[in-house]
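My questions all concern the structure below.
Naming follows writing order (A, B, C and D), and every chain is counted from residue 1.
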Amino acid sequence: MPGETERPSNTNDKLWSGGDALNKEVELFTAGDDYLTDGYLIEYDCIASIAHAKMLAHTGVLTKQECKRLVDELQTIRKRAAKGTFTITPEQEDGHTAIEQHLTRTLGDLGKKIHTGRSRNDQVLTALRLYYKTQLHRIESHIEELINSIRQFKKKFGGITFPGYTHTRKAMPSSFRIWAGMYMDALSDNKQLLKSVRRIIDQSPLGTGAGYGVPLNIDRSYSAKMLGFSKVQKNPMYAQHSRGKFESMLLHLLSQVMYDLNRCAADIIFFSLPELGYLELSAKITTGSSIMPHKKNPDVLELVRAKYHTVAALELQVRNTTANLISGYHRDIQETKGPVLKCFTITGASLKIMKPVFENLTVLPDACSAAMTDELFAVEEVYSLVARGVPFREAYRRVAQKYNK
Amino acid sequence: MPGETERPSNTNDKLWSGGDALNKEVELFTAGDDYLTDGYLIEYDCIASIAHAKMLAHTGVLTKQECKRLVDELQTIRKRAAKGTFTITPEQEDGHTAIEQHLTRTLGDLGKKIHTGRSRNDQVLTALRLYYKTQLHRIESHIEELINSIRQFKKKFGGITFPGYTHTRKAMPSSFRIWAGMYMDALSDNKQLLKSVRRIIDQSPLGTGAGYGVPLNIDRSYSAKMLGFSKVQKNPMYAQHSRGKFESMLLHLLSQVMYDLNRCAADIIFFSLPELGYLELSAKITTGSSIMPHKKNPDVLELVRAKYHTVAALELQVRNTTANLISGYHRDIQETKGPVLKCFTITGASLKIMKPVFENLTVLPDACSAAMTDELFAVEEVYSLVARGVPFREAYRRVAQKYNK
Amino acid sequence: MPGETERPSNTNDKLWSGGDALNKEVELFTAGDDYLTDGYLIEYDCIASIAHAKMLAHTGVLTKQECKRLVDELQTIRKRAAKGTFTITPEQEDGHTAIEQHLTRTLGDLGKKIHTGRSRNDQVLTALRLYYKTQLHRIESHIEELINSIRQFKKKFGGITFPGYTHTRKAMPSSFRIWAGMYMDALSDNKQLLKSVRRIIDQSPLGTGAGYGVPLNIDRSYSAKMLGFSKVQKNPMYAQHSRGKFESMLLHLLSQVMYDLNRCAADIIFFSLPELGYLELSAKITTGSSIMPHKKNPDVLELVRAKYHTVAALELQVRNTTANLISGYHRDIQETKGPVLKCFTITGASLKIMKPVFENLTVLPDACSAAMTDELFAVEEVYSLVARGVPFREAYRRVAQKYNK
Amino acid sequence: MPGETERPSNTNDKLWSGGDALNKEVELFTAGDDYLTDGYLIEYDCIASIAHAKMLAHTGVLTKQECKRLVDELQTIRKRAAKGTFTITPEQEDGHTAIEQHLTRTLGDLGKKIHTGRSRNDQVLTALRLYYKTQLHRIESHIEELINSIRQFKKKFGGITFPGYTHTRKAMPSSFRIWAGMYMDALSDNKQLLKSVRRIIDQSPLGTGAGYGVPLNIDRSYSAKMLGFSKVQKNPMYAQHSRGKFESMLLHLLSQVMYDLNRCAADIIFFSLPELGYLELSAKITTGSSIMPHKKNPDVLELVRAKYHTVAALELQVRNTTANLISGYHRDIQETKGPVLKCFTITGASLKIMKPVFENLTVLPDACSAAMTDELFAVEEVYSLVARGVPFREAYRRVAQKYNK
């Protein structure tokens, strides 16, 4: 029972194959590389399976003793996964299968019983959703820590004025207080969005089966509560439909974060241009060149800038993959698992790396003050002429003439 | 002072041009077609300008008398815009310029005073944000009305069972209660997202000038309160940065809505396929063919389905346009105005059109019940054998044999 | 018979409606705004219809006399369209309907005969493909003219050296000969791509009907030759499938062109930054600011830069709209007509506007030579030490120390 | 000298680091996972290095003896890479560094000499371009083989007629000859596009250094000829600029191929819907369900369908990553290497897997003929009435009435 669907292909397990040997090439093609990425999900699958086992005991499908043995074994897997000693083989295709095979090997038929009242579909949905919730907390912390780093930067350098640009041209006086504050505010708004997205996805899909419910008396509230979900996602077809939809919300959130980092990186690269010299990046976070001994390149910021586009593209992929399709599970959805995990990893790493960037970022006050040339004050000049009674048009004309000869 | 920026190009107003005649081709190229789309924005610009005028009176820049005359004239424009008798010429390039010229023509120098303590940038930002808030209320109502229409459909037909599909193949029993409920839940979650996005963008940018504040004593809370914003967007650079960022949030929300309609349209097209015949679309909402007299085509649903891709693509455009750029206004942003307005229009129209679709959608119970063939109950069969003591593997094998010979 | 499909909705023409009045809202929703954009296509539809009429005469379906009357009337429409006096009303929905109604009004039943052996689908396909071929020639000329303008610039300023940048940091000596040559080469490669795309799309779809051929003896080679197509697109299903596919090729080509202009615009904006001052844009192509009298903003280049993203997003939209759908015409395709026309317009205008940009672009030799600082020659220094027998590692270390103290 | 740029970060090689220890986190962040993907590129880097060494011998920089030793060692690496025994460690970061370190370890200072007159930038460009050319040949073969498989299918089943659909509704008679021919023609046009893209990218970038040439007398034609390039990419800045641009052309080509497979997969999934039953997929290429014993799911086709969206999204990512940036190398480009390799792998695998799909695809003639219901011939009926003298409007009305009661 590999992959992420109803379907079997494990050649060791001829039960599901209905007689015909699945074409070997087809088997390889459909396997994907979940076996590589699913390491992240083992823990969440164990947590979900434990809650499911307890629910089955609660409703009398499992005895207390059976439940205990399943839970103990799942805890063992979870610990081994945390230590990195629980491996998924390519033949197992994904972590869910690896867990199943482990349970069957160690517990015999009892190992199979964990699947009563559950399908592969809601099992995967639940593990992913628990993973998402944990990841959102991690991203939230990273956002907060980065805001703190920017705040430190603002404390040290906020008082220094430097030219504000429009159209990539000097425009009016600005300061590093305003500049740093901009990104703090943007990140705070992202936190608001994060909370909203979390509130929306915080629904338990466990018990929705393959999208049409389970012909068995189960207690969905019981397992939902145990897993910390704030509500049950009642409609089983919506549970399926929300795969892709919720992922799109999550990736949109992540790409909002990455968008802000992209713009921030662009700013630092530009303002630390030696010809301007308002900012300086310490050598600790720049990289040299194998051919040009004088170079100090902002590679780290260029990669942060680039990774926005990766997340934005994967966001698009995730949603478009299922557009135009009818309701119900389609195997197409397998293609979206990797991108979602990847975007969480990228965004977390990018938020984290911006901390040492801000800690190693210095404002050079002399260059800033030298750059505060007269034309930046043209607007103020016009207004001060106006204040002295000169009509606006005349004031503008006078100041314009001064700068455009 | 045309377009959406600091820049002038109006040839009747040589003041800003600094002497050199702007190349005619360049002028045409930069003008864009705001003069066509800005009809939507006149009203919001008038509202914002009235609040600004009152703030200026409040802080003593305008006399009460001056304020009254400006407000009266702005109310006149607003009424004419509502009636469609306030026109924007291509030369004026956009609605903001059209308003300015009107004020100057009717009020002389007083007309110019409205621009004290305000730049074109925060003027446009404010008008757009007011427009967005109104549009969000409109979209919210359309969502609610569509949910109601689906609820009516569910009341009438919810009790009818029909095959649930996975992999575009009959899988398990479903019902129109579950099917309709799925889209109601999806739309409800969109409403939650809408509220969150509204909460985030509900900040007054008025008074942030060209992104670096205004060298004048203004009362930003005063105008923000008058305009109904729940807070002031204090950081002027963030006000600029949020252009593009907030639009991306809005368009993501709209594309979430369109995604649900896309999938819903795909479902109706498929389930009303004559070969299945679970659903029937009334002739009122299908279209015939000029060449095939027998055709009843679901054009309206195909267009709804297609328009998701339009919104998704424009969402991407809006955000990518400003990625990689440094902070501060860039004229690039002008390219994003049309797409945002277009997406609101498309999403509103699509939500609205789905109402008559659901009102003209009938479930054909005979076809549904004829389609409830045995294999849909295979899962139940397996479970019932298990309940009678047959081990799961054996039960699965027996049922599988029955259907795969 | 409006829109771009088999379907009728014109309420004056009850023939096709099969009895039920199409819901008014549905009618409005499906109409789209082809009636606005199709002005461009009238000419090509007339040309295609003339060829079709002559083919029908050739195969004996029309008499010579009938053919002549139809051709004369189509020529009249074509001339009126060229003069802008042939209008399409919103009720007619698109240009094809407007032509049909005109022919029926002026020629009676003969006007209807033009549709023998042709469906709306291949009619639209043919008109669009003729339009594309003309547009490709236009784009090709614009590319050539821009290459010429860049060549002029290179002749004037190519000899001036200035710093080459990597990582947005001074790296090694460069020159405006190399810089200008880069964009000339990129545009030349685009020309190669253009020719290839033209060769691929140069197939006549006329006579493929609604995607399944025409139950009538027609001579497809005859009309294809008359229309200047290099071959007949024989497979009628492929004719339908290629709608969307060919458009994607065309838009990819256009976005390649826009990509080069985007990067070129970014370069000019950066190298004309006053702090660097390598390039200067004449006041004729910069725009001032209504609030900052000193500004000379490169708005035209910012818009060129932005419009790349518009074309790239529309390219994506066009192809994704029909992905995941089964073969055969779907109304979804209507949503792609506007974007394709828009991209041709944008790309043509952007190529054209870059000509005056290059004509008004000056290199400032003093700033360039002042910027040729020592570290640009670090690589040469290392190599010259190596040439004098110093091991590379040692040479690199010595030069590095010099620049990094 | 890791990554794909000028820059060093290998902590064992303090030479380039200029004194300051690069922040460990920054080092990890910038490393990327080229060390995992570059296995594919080792071979091409060896080939390019061999040509470079021979050119250096040709121009006298290396002695014949030195050249021979370098070439021998590079051949050794190449053979080991082919056997999978040449490994890249995470510390080496990429294959280029692994090769360098190997050469220095085995050949001492001579190993370093291979880098004379070459920078990391043109080294990577050359290896990639050789890889692309090989991949294009592989893709071309796969396309041809798939066309052959479809031709076999057409031979067997082409004569069977079945309903052609428009708007996902039965429309007119079609046949599997037309259906199969559509995809053969689409794939043939892709082959044309492939040849054109190959012609464009077939330019040698070797010798362009870091984008501004090499201050050394080198013979670029000599190495270009040895490597089989049809011409030299003379302009060094264009060599850099074409990174991203050429990749976009390649990925567009691949997404054109995937688009056709996407539509083809959608067709097979639909036409093999048991309710229609025109096509049947053998059990060898369908997958069962762990919970529903009766299911035969077309997972392989769903994945092919989904993978189009992966390629389309990565195409977008690749180009947008460098949009808006000035000329010259930026580290951002590193983010595009993985996606390009991934798209070649996906497209190759998808083309390959469609072969067994077509070999295991059967047409069910009974279902097809049963589906050829009267209304499919409505168009013919109308035309035959017309032929018997009934005016078209009257004929249409009569036939319409027959089908719409």
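Criterion: a contact is a pair of C-beta atoms (placed from the backbone, for glycine too) under 8 Å apart; a residue touches a chain by one contact, two chains touch by 3 or more.
Bear in mind the structure is a predicted one, so any value in this text is a computation, not a measurement.
Colleague: Which chains, if any, touch subunit C and subunit D both?
Modeller: Both-contact set = A, B.
Colleague: Please give the intersection of the contact partners of subunit B with those of subunit D.
Modeller: Both subunit B and subunit D are touched by A, C, going by the contact rule given at the top.
Colleague: List the centre-to-centre spacing of subunit A and subunit B in whole Å, with centres computed as mean CA coordinates.
Modeller: 25
Colleague: Using the average of all C-alpha atoms in each chain as its centre, how far is it in Å between subunit A and subunit C?
Modeller: Measuring from centre to centre gives 36 Å for this pair.
Colleague: Please tell me the distance, in whole Å, between the geometric centres of subunit B and subunit C computed from their C-alpha atoms.
Modeller: 27
Colleague: Mind pulling the subunit A residues that touch 2 or more other chains?
Modeller: Correct list: 6, 16, 18-19, 166-168, 171-172, 209-210, 270, 283, 288, 291-293, 295-297, 299, 302, 305, 309, 312, 316, 320, 323-325, 330-331, 379, 396-397, 400, 404.
Colleague: List the residues on subunit A that touch subunit D in their complex, please.
Modeller: Where subunit A meets subunit D, its residues are 1, 3, 5-9, 16-23, 25-26, 29-30, 32, 119-120, 209-210, 282-285, 287-293, 295-297, 299-300, 302-303, 305-307, 309-310, 312-314, 316-317, 320-321, 330-336, 349, 352-353, 356, 360.
Colleague: Would you mind writing out the residues of subunit D in touch with subunit C in their complex?
Modeller: Against subunit C, the touching part of subunit D is residues 6, 15-16, 18-19, 109, 112, 164-168, 171-174, 178-179, 181-182, 185-186, 189, 192-193, 195-197, 199-200, 209-213, 215-216, 233-238, 241-242, 245, 248-249, 252, 255-256, 259-260, 262-263, 266-267, 270-271, 305, 308-309, 312, 316, 319-320, 322-331, 379-380, 383, 391-393, 396-397, 400, 404.
Colleague: What does subunit B use to touch subunit D in their complex?
Modeller: By the definition above, subunit B touches subunit D via 166-172, 269-270, 273-276, 283, 288, 291-299, 302, 316, 320, 323-325, 371, 375, 378-379, 382, 396-397, 399-400, 402-404.
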